[in-house]
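Some structures are shown below for you to check.
Shared between the two complexes below is chain A, which pairs with chain B and chain C, respectively.
== the complex of A and B ==
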């Protein structure tokens, strides 16, 4: 893990670390790399990936409304709303 | 020190407590994170609806660690619950032990339920993946998340499993009713005759080793053949699970942006600052580390080397268990390395949830059912958890 990669990960995940947190993160990533080296010794060349542990197929449902909430309820927990819209800072100047 | 996140009045005798990972209509749900501070769901978790219909009454919600990926709940934004000696306490287990609730309904994402049950001498069951609806659970690592039960006895776990297992159209990973029915009390029980103890997993302290030996002695006294076997692959479940869990977690928490619900920073001048400052101020250190690690495993540079590798190792581990279950009815291993954790030790070693899950990751990554009983853990083949619980019930009766 280098400085640039960590900065890229911070940006991708919308996080901003302090210098102390960054320092801890380098050690954390080093330890995870050690974990990975233990996996490297396992031969997986002829093994298929396993995304689901049980044979679960993509569920296709009929396109119909089964549950609905009114706008007021949906926005009740929002930090800031105005006339049915969520408020955020200006995006386009 | 507050074990309850919210208390609820109920006149029903069969009282249950839910951890704060379950959505509850009209009652706040935070998943132990400041990011969801003040969030109130418009609907409730399917399991709670089923349990209410079966006559159980919710007496409250217990505090949980941030996104339930820690050891026992110590990363909750409300603070860790610890005793006067610095021992970490688990809110769900404390509420059950106090007699307030007969059982806890919890999300087992990274093994906290099994660790807590083992350390408190309670019983817990993490059912076969897909047999209990995840609808209304705060998602963490969707391919392994399981709604689990913690209770004083195996029979209470069986009763609750009977009420909450079943197909749910609202959960895309829910198995057909014919499979879920195998968890009902009416389903046939298979006699447990042979158990394997994986010696590679016995890297724990004397108290845990003693619990393993004690249960082995009871099983043998009951005529069950117990073999000590070596297995290096299953021990590596942790390494693969940490990758998969973190990657899924990273995606699942990307929805928390401070716009539609939950926490919003007061410090922003642009939309990017709103997102970044809200997430930075609200998420705890351990969650941030897990998010960044998960994101890194999914990067173009690392996807094949790390994430894809973990998915392939998952298959090998499932196959390894499959081979074991041709010979054995259950596998016995610890659920934790020690019967107590000190908050000082955990603060000094912030990686502990990534190392202590050595014992819980095998059942998490495979979706196999696991029962924590008398301080240890028994893992069995898919859909056989009621047989394991029946064995535990028998041992409970013999112990009285």
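== the complex of A and C ==
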């Protein structure tokens, strides 16, 4: 994990990390990198892709409308709302 | 040097389901108050589990089969991560590793002839929410009503080479998806949106040029103008070195007629696709697959051909009816009952279509029972109900699906009686009431009896054979 890669990850996740958090990240990713290189040493050439870890397939529901949540309770924990909208820092100039 | 334009399209179509793709909220919130069609799942609250709407998979399969695709019998959902406030969970659930349909082919026809456009894949995914920037200056307002509305994205190979072909391709997608009743595909309603990928290369070259992408185009006219502008811009850059082309996303300003580079984010395009562990893989077994295959409609051109060659309709009539699968189904049902294709077509084109227009309904919204229409047509052709009264019955059938034509005709006194005694009596009364018209008629003004004819018809409430009334009226006046 180098400085540029970490900077890029920060941007992708809209985070701004402190120097302390950054140094934690370096050691975290170094450990993960070891794990990953171990995994990639396994020959998976003829192995079918595993689609899911659980043996549960095709969980579907019928196309029926059920509306049982009100806006007020959904927005109860929001830092700011206005006229029924959630408010976020402005994203266009 | 001559150049050719190489175009690939990514077309998003909103699926015509009732509820959203991963939760039971209504998928139709046009004009609704903000955030009234939402729940913890489509608001991205922690701990919520998405459950796939089966009809979305049905429609994804139908779209795939209509576009000659191979259907992946095991289809899976993946997370596409990007951080923007219209996406509450900071990822879109879409399909990347095993989309529902792949490797299709769509045939288009332009002034240059027929051409096959290859489809790379069709994937199912959720729409994002809506951001509103003009309520207050300091914030962006977020509405999640549209979040998780089901979409399919149809990705073509770069097989298109002109604005004309793009238009033909989009029209073809719209026709086929509407026939299968999976999507409305109306750009003006936002139910079809289009990303255009374009590059330019010397004619005959097999190397692709630098590709630019224009996102979220929402009218065919704008797309055509954008393609012409971008093609000219690319050629100018290649020939005259006016600028260095870079692979980028551009915004099309249709009012100014120009495209602009969007501030290229350092992070653009890095979506880190990852299998979504919360959505179980969907396995399409034979029974499911076969039921979808059996439900597919004939293609529009097959309908037209059948109507002209087998049923003897004119090209024009066949064309009109084949415009919508709802019209086709109504017409075919009506014909199966009344047995006269030309009559059934006339009723469809004159009366049914004008009723829809008067009600500001699209052809696809027709729900009229075709078999009942066939019964009504039989009543008219069998001289049991007059045409004017038949129109009233049709109107009632539009208002109330439960109306049975023969029953309604009886209840409202619309059945033509063979009571010639009554007809004679009415003729006598009306003739005596208008001696001037009779004198005019006898003096050579043949049209003068039309006034008396109209009054007789009115008095009889339309319940008589028009030809018989006319003959009897003339006979009576001549006998005076």
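Assume the second predicted complex is superposed on the first by the 79 of 93 C-alpha atoms of A that agree within 3 Å, B and C clash if a C-alpha of one lies under 4 Å from a C-alpha of the other, contacts with A are read in each partner's own complex, and residues count from 1 in each chain.
Assume a contact is a pair of C-beta atoms (placed from the backbone, for glycine too) under 8 Å apart; a residue touches a chain by one contact, two chains touch by 3 or more.
All figures in this text were calculated on a predicted structure; none of them were measured in a lab.
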Which of chain B and chain C A:39 touches, first, second, both or neither: first
Contacts of A:29 with chain B and chain C, given as first, second, both or neither: first
First (chain B), second (chain C), both or neither touched by A:21: first
Contacts of A:5 with chain B and chain C, given as first, second, both or neither: first
Which superposed partner A:82 touches (first chain B, second chain C, both, neither): second
Partner chain(s) touched by A:91 [first = chain B, second = chain C, both, neither]: both
Chain B versus chain C as contact partner of A:49, first or second or both or neither: both
Touching partner for A:71 - first (chain B), second (chain C), both, neither: second
Which partner reaches more residues of chain A (counting touched residues only), chain B or chain C: B
Shared contact residues on chain A - chain B and chain C: 12-14, 49, 51-54, 56, 58-59, 61, 67, 69, 74-75, 80, 86, 88-89, 91
Residue ranges of chain C touching chain A (in the complex, touch as defined): 17-19, 24-26, 33-40, 43, 45, 51-57, 74, 76, 81, 83-85, 90, 97-98, 131-133, 135-144, 266-267, 270, 272, 275, 277, 279-283
Chain B residues within the chain A interface of the complex: 38-40, 42-43, 128-130, 143, 169, 172-173, 175, 233, 236, 238-240, 242-243, 250, 254, 257-264, 268-277, 279-280, 283, 285, 288-289, 291-293, 295-296, 299, 305-306, 308-316, 318, 350-351, 354, 365-367, 382
Touch list for chain A against partner chain C, complex: 8, 11-14, 49, 51-54, 56-69, 71, 74-75, 80, 82-92
Chain B-facing residues of chain A, complex: 1, 5-6, 9-10, 12-17, 21, 24-25, 28-29, 31-32, 35-36, 38-40, 42, 44, 47-54, 56, 58-59, 61, 67, 69, 73-80, 86, 88-89, 91
